[in-house]
Amino acid sequence: IRTGIPEVIYGAAKSVEQIITIARAQIATGGPVIATRVEREKAKQVQLVLPECHYHERASMLTCLERRATAPSFRGEALILCAGTSDIPVAEEARVTLEALGSPVKTIYDIGIAGLHRLLLHREVISQASVIIVVAGMEGALASVVGGLCTAPIIGVPTSVGYGASFGGVSALLTMLNSCAPGLAVVNIDNGFGAACMAFSINRQNPTG
Amino acid sequence: IRTGIPEVIYGAAKSVEQIITIARAQIATGGPVIATRVEREKAKQVQLVLPECHYHERASMLTCLERRATAPSFRGEALILCAGTSDIPVAEEARVTLEALGSPVKTIYDIGIAGLHRLLLHREVISQASVIIVVAGMEGALASVVGGLCTAPIIGVPTSVGYGASFGGVSALLTMLNSCAPGLAVVNIDNGFGAACMAFSINRQNPTG
Amino acid sequence: IRTGIPEVIYGAAKSVEQIITIARAQIATGGPVIATRVEREKAKQVQLVLPECHYHERASMLTCLERRATAPSFRGEALILCAGTSDIPVAEEARVTLEALGSPVKTIYDIGIAGLHRLLLHREVISQASVIIVVAGMEGALASVVGGLCTAPIIGVPTSVGYGASFGGVSALLTMLNSCAPGLAVVNIDNGFGAACMAFSINRQNPTG
Amino acid sequence: IRTGIPEVIYGAAKSVEQIITIARAQIATGGPVIATRVEREKAKQVQLVLPECHYHERASMLTCLERRATAPSFRGEALILCAGTSDIPVAEEARVTLEALGSPVKTIYDIGIAGLHRLLLHREVISQASVIIVVAGMEGALASVVGGLCTAPIIGVPTSVGYGASFGGVSALLTMLNSCAPGLAVVNIDNGFGAACMAFSINRQNPTG
Amino acid sequence: IRTGIPEVIYGAAKSVEQIITIARAQIATGGPVIATRVEREKAKQVQLVLPECHYHERASMLTCLERRATAPSFRGEALILCAGTSDIPVAEEARVTLEALGSPVKTIYDIGIAGLHRLLLHREVISQASVIIVVAGMEGALASVVGGLCTAPIIGVPTSVGYGASFGGVSALLTMLNSCAPGLAVVNIDNGFGAACMAFSINRQNPTG
Amino acid sequence: IRTGIPEVIYGAAKSVEQIITIARAQIATGGPVIATRVEREKAKQVQLVLPECHYHERASMLTCLERRATAPSFRGEALILCAGTSDIPVAEEARVTLEALGSPVKTIYDIGIAGLHRLLLHREVISQASVIIVVAGMEGALASVVGGLCTAPIIGVPTSVGYGASFGGVSALLTMLNSCAPGLAVVNIDNGFGAACMAFSINRQNPTG
Amino acid sequence: IRTGIPEVIYGAAKSVEQIITIARAQIATGGPVIATRVEREKAKQVQLVLPECHYHERASMLTCLERRATAPSFRGEALILCAGTSDIPVAEEARVTLEALGSPVKTIYDIGIAGLHRLLLHREVISQASVIIVVAGMEGALASVVGGLCTAPIIGVPTSVGYGASFGGVSALLTMLNSCAPGLAVVNIDNGFGAACMAFSINRQNPTG
Amino acid sequence: IRTGIPEVIYGAAKSVEQIITIARAQIATGGPVIATRVEREKAKQVQLVLPECHYHERASMLTCLERRATAPSFRGEALILCAGTSDIPVAEEARVTLEALGSPVKTIYDIGIAGLHRLLLHREVISQASVIIVVAGMEGALASVVGGLCTAPIIGVPTSVGYGASFGGVSALLTMLNSCAPGLAVVNIDNGFGAACMAFSINRQNPTG
């Protein structure tokens, strides 16, 4: 695998049959199965045929992990922060992906920016992470605030949570792109998976392996 | 004056002659002269003819204030916060306008969001203001953070400071419109004048006067 | 409560269970329950468990108000104006929120801008309010017209009512942001709740309390 | 002339030489010369060669009108209203074009919407026009307000006057497109010429001539 | 009726009960009932109670017309052109509205721009109309082409017909706003009603009546 | 040359020195020099050093063509149409590029859509071209109209000519993308060069050579 | 048929009855029936009445092809490439259209850009096509990469596949419009049909026939 | 320094005096001076006063580096790739920043995506970098292609290079945000500085230091 990351199934536009076919092929070659954006109903049907698959409710993901002979080793623990309860599905997509890729991961869900004090309570955990994923919708300012508190690289994930002038995540995306906090880069709106890939890539002990 | 706010000259598209003509008429009727968006060169020429006018360099404003018989009384002190040095001209437009309207006003310029600690140093002053204007460009997150620290009404002024995906102030505008902090409303990009009018209107002792 | 406004439940993305859990905790601590964006069906189910909650049909809100020992006192009466019948749900979100926060509030619903004379009939009520919320979709010009008639601070709430080039409320939002009327600031599209928080914050007798 | 309107020179991107060449040809065939968007300097140079051309300073137009054998007759007087002084150049482009096309035309420049009372002073003139052009930038609400006062067809011309979220005239354009006032249609931003063509076409006694 | 056009019910967001209440009041005062955007199902229920109302299937309109003592007289026949079959509902909204307002009206539906020859077949009818409404989606070029063939004023109605980069009617709207054809003005996307009001206003014999 | 098209110098952001260096290298290898977006002044300085280069004023291009041993043969003549005089620079960029690539090319500049009859005069030439480039700004409808008259493939080039809601060429771009005329594809705004490359590629006798 | 392409039914907004009526008329005149955007259910009902029609599941198209006396001859084989499985419906719309128009066509579905090596495997087939259609959503970079590998003209079809900042195909559209690869032009988002018409027009032996 | 990155002067909106004042203060505290967006002329004037500052022409940066007692150690070499010559200033801003922060860095400038073969020549260097910055304007596809060739984390920097539908960098930004390549995150348009901060943060041996 040239990019260091196994082929992952994007389930959103696939039928149950398509998912099963691809998953079977991956199991056959001893590889892991990682599928994102799989709705509950679809997942249940896949599991009838492939009971070894595990469904992650909040992340809408299906996984069936291999026994890796030689897992990569990691620099430390990745940390996922999220601003509101509605952002949790995106944060969970990141968490389950990181776990499926073998990386240690910790989460703190529920520290909106309006309550700065709540964030400051977690200051120590934040300062110890080797890489941080910040998931936030609406105005998305949490990434900037965290960026001012730590030295680790930060990956911002704007979410489509919000209404009106949030424009489906555009507001949060622009906030993160324009952040004055150094050491922050951004992925697509709602792309918890992509943030996890970037975090995995950063957290690997051997980046060129 | 039906709206409680005297006629203010928008100097951006006016010639020196036009400004002088209007200012003279206002002086004649004993009213104050307040002109915004007047470039240095234009202002100098106006002052040759109307030396009683004062030019405010950083605000790009010209004022010539009357001696009001009965000034309105105010609830407290308005506070203007601004995030970066490039936002100062907009903040100054707000400050000079508020002073011209008679309101007490205080300013703190230089508390970017990246350095949360700098903001927290001013916590007490912030909690004592009767109304707060927050001026910020780029990601504009300062308004949200301040909103979490106080009970006074906050007026956000997004600025056109930034480049790339700041889109001339759109990013900061969206951030402020989507803010989760309660008690925050927003005016047009770079509209320090409008923010001051709103703050004046809030800060007057007698709102319906 | 650091911001002077109690924690309010944003019901849009929450399940009945989640709403009940949070509401119970708030009742336990003697606080008020205020929940916005709760659909009729969800509300009915919450009420089965928490019959002390009141459902506000047109506002899509659930409230269960505490007996405050020391209510804040207010400067006067807040006034809510709205342009068309389709804007009423947003106006009601503002009204119910203001009432839940203890503020006196009056409403005039049905004064579209096309009929200027209808607006002028209410001129006296308008001039007596201590703070005004103007709710309008489509072209959103009502806020500007009201702004020319009064001295009180005005909070504009653009709504997503309209079609075609109204772009989900963007047209009304831009109209309000560009208004020439002084003393007007704006909140997010359809954000009746946010407008009420700003109005409450303005209308409190003691702004820094 | 198939469209009832003579060929008009759009001067914005043309050289002095190009304008002279076209104008000469039009004079030779006895037709009128009407050129829009001609800057002062260019115009002066054209006049050196074609002294029969008249330059309209505020409209940035050059005209040289023929003696029509049979002028069309008109239904009444066209009226041009404009909101602010910065909108006058666009209003003048409309006025000079209408005059060049032979239509009677009247103007009222200086009735911003913030001062509703100023508009109401002109109520009678407004109610007597056969067609009305409303020129307005920033929030552009004047067109809606006028629309509620009269039965004549109204042509809205949004202007690029404004800053920040006026987006070069987009805000005023959207306001006018979404207006609830019946009997209102819109032309391109700053297109005084186009509004005049539409008004001429409406005001002709014989629409199919 | 100050604007010359009776109050029209915008049915999109109204319940059957609301429509019946307003319609009854209008019938009581001898006025016409004109309601737009009424879905088939809703209309059937209204008709059960108010059998004198007529439902116009393709226009989604309900009307119940009064016997006017003194109908206005008209300059000629309004003409409605439309580019494709999917644009017909919008064209019909215009037609039914014009008829309800008493104006003579003719329609030609089915002359896409790709087949220029089809349009040219109708050249004579086009040149005889006193006002023309052109309804077109996708690229919306029909309005420009018609504009080159006639002297009557033209009202362009962009429609939301199309996909991809038609952006819900924005493409057609921009085409019409930028048209080089003189004597063309534009209303909101899908606003057949507004176009009819403008056409009625133009076509009345006495514009200031 | 893998793509069949020699390396072309994009002069817009290059210094005179950079252009000379690249041009010299290309001359040395016997290849043609083709440079686009070279302003007059820069071109003059390049010619001082490389007098064998020819400057094309209206196209803002520099060329110095090789003597090809084996020129490709072509299917027929490419035709370039353009709507207004302001579009000519873009049309010329396409023409000079096609000539530099060896393709026969013909041009008709000056057939705006408002005058359909002018276009119809050229019907025969249009029907004989092997490929057609249509260059148009403002509403860009010319491409659709031409598309209805011929069987040859058409390449639309929207231009940034226009103002207001033309949005720097976006209006013309959308018109062309949404065109109902079959056999039409589009290149970037103002990209005469790209259109010529596509036309060359189509017009070559041997497409896979 | 003036444009060389038979009338094609755009089924998206048509009823079963409308489709049958038009198809019958086309069969009666010996012409082919080609209908796009026909959902499965609608198609089944059409086939009950017109069993000679064939339904293409993945393309959502109905065809009933005539026996052409004199089919056009073609320059070579058109090639359709597509980036991901979700893009296949658009690619199939292009393929079925090309076949219905008589052109030879080959497809390669499944060469995303992330795996460059997969693309390079097909290098020879790519270099032999007479015209290439590249169908891609999300970032749409495949068209650029293919453009660097061949001399044949390329038609890019951006698709609406993606989420977040793909903005319904806008991201892929912009990528293709800005491509540095020469010999590439673009059609509307998801417009497989339009791409096929352009490819047919290019691939015909006699372009002016 | 809480974020691990010293205060960097954003020179774009600062006067020579302001830059000198801040730089002096930084030199006084033994810290490095790093200033971005400093035009040549301004830089020369700063150097007259502070001759110890070095000016980086292509990066428009001024630096004056301290002698660090304890420099951080790094995981490997950062690599900067850029697509076209016009992107070099942005790439240089990244390079000079990384060097100023002490990180080893290598650059390859001149591998446009149109010539895939040029990219493949550098395959080995690419596979050995510990972190990669890809700078690209216009369609910005280079980041995706590189992403398919390596395992290191990639930071995409879209640039404002391009014209027409590149919309000042928006096209490249969207391409990168929508990239299918895993392990890619993005910073603001033209933000070479931000990319370098992220790369530095990733490349540090001790991320939490």
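Should a chain be cited, it is by its letter among A, B, C, D, E, F, G and H, assigned in written order, with residues numbered from 1 in that chain.
We adopt the following convention: contacts are C-beta pairs under 8 Å (C-beta built on N, C-alpha and C of every residue); 3 or more make two chains touch, one makes a residue touch a chain.
Computed from a predicted structure; not experimentally measured.
*Asks:* Looking at the contacts, which chains touch subunit D and subunit F alike?
*Replies:* E
*Asks:* Could you tell me which chain lies farthest from subunit B when each chain's centre is the average position of its Cα atoms?
*Replies:* G
*Asks:* Where the CA atoms of subunit C average out and where those of subunit D average out, how many Å apart are those spots?
*Replies:* 42
*Asks:* Taking the mean of the CA coordinates per chain, how far is subunit B from subunit G in Å?
*Replies:* 57
*Asks:* Measure off the straight-line distance from the CA centroid of subunit C to the CA centroid of subunit G, and report it in whole Å.
*Replies:* Here the centre of subunit G sits 51 Å away from the centre of subunit C.
*Asks:* So what's the Cα centroid distance for subunit D and subunit E, whole Å?
*Replies:* 26
*Asks:* Among all residues of subunit F, which ones touch two or more of the remaining chains?
*Replies:* 2-3, 84, 114-115, 147-149, 164-166, 170, 173, 177-178, 181-182, 188-189 - these are the residues of subunit F that touch more than one other chain.
*Asks:* Got a list of which chains touch which?
*Replies:* By the stated definition, chains touch in these pairs: A-B, A-C, A-G, A-H, B-C, B-D, B-H, C-D, C-E, D-E, D-F, E-F, E-G, F-G, F-H, G-H.
*Asks:* Applying the document's contact rule, which stretches of subunit A touch subunit H when the two form their complex?
*Replies:* Interface residues on subunit A, with respect to subunit H: 2-5, 8, 75-76, 127-131, 147-153, 155, 173, 177-178, 181-189, 194-195, 197-198, 200-202, 204, 207-209.
*Asks:* Spell out the residues on subunit G that touch subunit A in their complex, using ranges where they run on.
*Replies:* Touching subunit A from subunit G are residues 85-86, 114-115, 117, 161, 163-166.
*Asks:* If we count contacts the way the header does, which residues on subunit H are in touch with subunit B in the complex?
*Replies:* Those residues of subunit H that touch subunit B are 2-3, 10, 12-14, 18, 158, 160, 168-170, 173, 188-191.
*Asks:* Show which residues of subunit B lie in contact with subunit A when the two form their complex.
*Replies:* Against subunit A, the touching part of subunit B is residues 83-84, 112-116, 138-141, 144-145, 147-149, 162, 164-167, 170-172, 174-182.
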